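Labels A, B, C, D and E are assigned to the chains in the order they are written; within every chain, residues are numbered from 1.
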């Protein structure tokens, strides 16, 4: 069918095309302007190096992916209840928000060593950094979405003399879903960054470690290869969140399509 | 069933001014009675209904339902809002079932009833559509199904047939009467249509413009079961005339003084 | 001491930074099975700077670590961190300033008025006044440009700054990078003007020293065996290869270069002449180091030498 | 008036109280559990040190504040138009989103050398890092908000046969304001982090520099003092965004209050 | 003014099914004519109005307004939606002025007119309130003001008086007639009320149930200016009867077969 074909082109070929175009442009710029290799290497060199390292990189990618997803999961598990508390109680909102903002403003690179000291060298510390970085947009966006429930829907739901929980599950949360997903989209990329920052500080696995060590050893090709993989992972994770959004709230996604 | 005593409601708007919506309402609605409420737009009919349902707190006076003071929503009631208020992410069928889910009743035993109500209201074949895909009148009918499905003992209905054409409206009115006679419910019903108010009611409550007070409570002494032909009955015409004079009289020289 | 019957004792060793050519002795001991022979199952973890390693050792996350001597002193002085150096690894300071050969800087004196890159808290920067004094130049005349460590190399090669501070072991890879841009680099070492400080040491926390001295002793025995082997000129490449096997991201050529440089700091004259054993501290030099750090790091108090080092765990002392 | 008094208590005293309580708890925990000073110092010590350094810290605070606000401003200026493009054109959305996600997934610390070499050592590079970190939630949230405009409002606005711009200014954007502000709330804290990360990477001014150099000099008290100031700044900036939100969309904020 | 030729509209729902809303509509509305449209709920009245306004594309057929094929919204039109569709962040006054702003007209010269319309519709004193603070009927009146303020040559009105009580409704009808006679506009007007359709119109268009087709176009030959008393006129009753029979006849045995 031409319609679904053009849609496939739009949804998959176009983004891929853009990325490829950027790489080509970069390669051309590299050659024309003779950019020194240690500032940025050429995409061709990066890809060659990545290919050479493919098996080992895959292992490191898994580690980072695991930390990212675990941190992301944790930030949903913590972020949504926090958003609920904030929306349901102005008192808690005023008490919690400053604390939450503090967790955001403390540079993770600065407290990651402390986390490392407390949580040890394993994946837990990276997971926690990913969580700390990622949960904030989930809280803010979900809270905004929950607060935006039209009053008549709340009245409707109240008219059943039902529990707050039920109102939440059946009315407020479904209504807030687009904004919850908006928070998730920001959070998933932040979780990835968080995992990488955690790896920078203390890990000998993961793409963050590869970037750090490759940079330290002046293997810019490899460092950028890891960055490529990271970007690819981010795009895929982001697309997956968008896909889940489309499945979970088709009524909303359909409108967005128009 | 419902007992209002000197009920007063004043809203505070966002800018901080006060709007005196209803004043000094004292009214009794008996068990199984069908009471309709008419009055000019903005006189506080919806407010009164929400007060009874416990959705809005009274500024003064007390409201009792089933001998208990109303402090918030209570069970075994069906509330129909003036706007349809459907959930945009649910299909028509799931919107009707919403009541069942919210009340924690067992869905399975109500599915058949939901379908029956949908076809009774002319929505057969639309169960899998979404609210956006319905006409205004169809949305209102979905809301009616939702208010009826759990068969509540008390129905509070705010202009349920406002968006319906003359014929659908008559059909739905008669259907509502049938349900009411079948299952003996108490119904408190706001309408803009004077004939509808008379056709349905045991008593018609007429309100004055804002702040809404009770101008008159009219016992409708017409035989039941009723049918549309009653409109040609002389008593019907007399009731109609009485209500019209109540509503029309005070306003022409008051609020609408600006009108040519 | 063969101990096949006993289960191996897990032993975590934390480097001061990423694994590289300067650590060949540890990897040699690991690959050759000398740690196992001592009954240790050693795991080598990377670090994130000497200071961080000191904290992690203090927090009990590792049995021993590699750290510069200065943070050991500073942590004890400022935060009463109970960590000691238990062996010297690099016996001379490896701090150096690199410049492009075509920059016209032929002696330390020529650095006057130049721009030098630095990272916050950089040891080169901190000890610069002392260097300037020893080298007889006006230290205040240089301009320091703070930047990320990763940017320092490129900034030097692209002439954004006139000079950049690096540990000597990085020379091989810096030169390689410079060559790609058709440049070459020159080095001024802090030790050449008579700055007499220890560089890397092996550290452990006091609690471990008291409770588990035997394990630390075993570790040092195997490590010193590793030093003897890996710093032997004929084993340099093999040692570097040991590092690369475990850490494939390391570039072999650069690691060999670093390993070669490492011998200059591990096998200093006092070792070669037999005045000191491998790993052994000289208390006078320790005191001198403490004096320097106390002054230039503006430490809250001056620590006693005995608080920060011990020779007691070494297998051989002279 | 008791009502405005209790509101004052809720809006100002409560958050302050919570923060003070956390500090007190921390101090108590510090003393009771004898937390080693190298893990975290005691609040009392931190405050004393901060007070000693107050004049110099104020200067550094200004620098960080300036970079944060400039980066934040830039991310609004870039983020909103991007959101508009994404909402108005599905083609552009598919082409742009991957690129935007890439800018997010690349660790800023890893590309810092490039930025430094390209932008130099001045405030520009920190501002750009702040911007790069902060603009993403603005794009995502504003886009979600814009896409959520009820269809009947769009129909209403179309019925005037007016320009897309006018529809945007008069209908879509006002409707999306709560979500725009949701994005801003996340963005302002990220901009602060971004500025600090930028300072980590290369600066001799700003709180980020203080944190890094104090850590290197074993002055944990001072490092934490700078983190305190950073947190305070984050809270104030966040509160300011919330205040502007309340002024700009009182109709929404009022509902949230209830 | 408006010329519909064999217009057909089929919606595609989210689930992908097709809903045939209106079928084969051919109709001419003359300049300055007042045409009303009645028909059962869900028969496509709103759809037809949106087709004419260019808000929804036709599936088949052509629509011309002022001799130009409609491909999208066009100027000098006032559209009144079935729901009030007010902007929640604007006050009543600013909601009325919204038309002026969207059309790029000079606000200052319309402020007085806005106030006049508001008091004409009984909303004097509510200009600074927000839509949430109004009753359903008051919201609808704000929407009416908004559709009238720029004095468009063509008015497309979808049940403008649906949420109003009998009296307000009559007043507003007469007011609309006065405006129409004063300024000579073309008005295409959907209503559920048969008397209203007759009272206002030059011609009444009666539609069949979905898919909506034109069942009958009735010329209303009653003198103007009209007043509510006309309802007692014999011709009025005849028109009313004709329309009722059109609407009521086909349905009882078709769609509503399930009804007792």
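As a working rule, a residue touches a chain if its C-beta (ideal position, glycine included) is under 8 Å from a C-beta of that chain, and two chains touch if they have at least 3 such contacts.
Here the structure is a predicted model, which is why all the values come from computation and not from measurement.
Shared contacts of chain A and chain E, meaning chains that touch the two of them, come down to B, D.
When the interfaces A-C and C-D are ranked by C-beta pairs in contact, the top one is C-D. Taking each chain's centre as the mean of its C-alpha atoms, chain B lies 85 Å from chain C.
Computed centre separation for the pair chain C/chain D is 39 angstrom, with centres defined by C-alpha atoms.
One simple way to say how far apart two chains are is to compare their mean CA positions; for chain A and chain B this gives 49 Å.
The centroid of the Cα atoms in chain A and the matching centroid in chain D are 17 Å apart.
Counting partners per residue, chain C has 55, 59, 150, 154, 158 as the residues that reach two or more other chains. Of all residues in chain E, those that touch two or more other chains are 14, 83, 130. For chain A, the set of residues that touch two or more other chains comprises 39, 117, 151, 200, 215, 251-252. Those residues of chain D lying in contact with chain C across their complex are 36-39, 109-110, 112-113, 116-117, 121, 200-204, 209, 212-213, 215-220.
Contact residues of chain D toward chain E in the complex are 152-153, 155-162, 166, 170-171, 174-175, 177, 249, 251-252. Of all residues in chain C, only 17-18, 20, 45-46, 48, 52, 55-56, 59, 61, 150, 153-154, 157-158, 173, 176-177, 180-181, 247-251, 254 touch chain A in the complex they form. On the chain E side of its complex with chain B, the touching residues are 11, 13-15, 17, 19, 38-42, 44-47, 82-83, 119-120, 122, 124, 128-130, 133-138, 141, 159, 162-169, 171, 175, 178, 192-194, 244, 247-248, 251, 255-256, 258-260.
Against chain D, in their complex, chain E makes its touches with residues 50, 53, 55, 72-75, 77, 79, 81, 83, 85, 87-89, 98-99, 101-104, 130.
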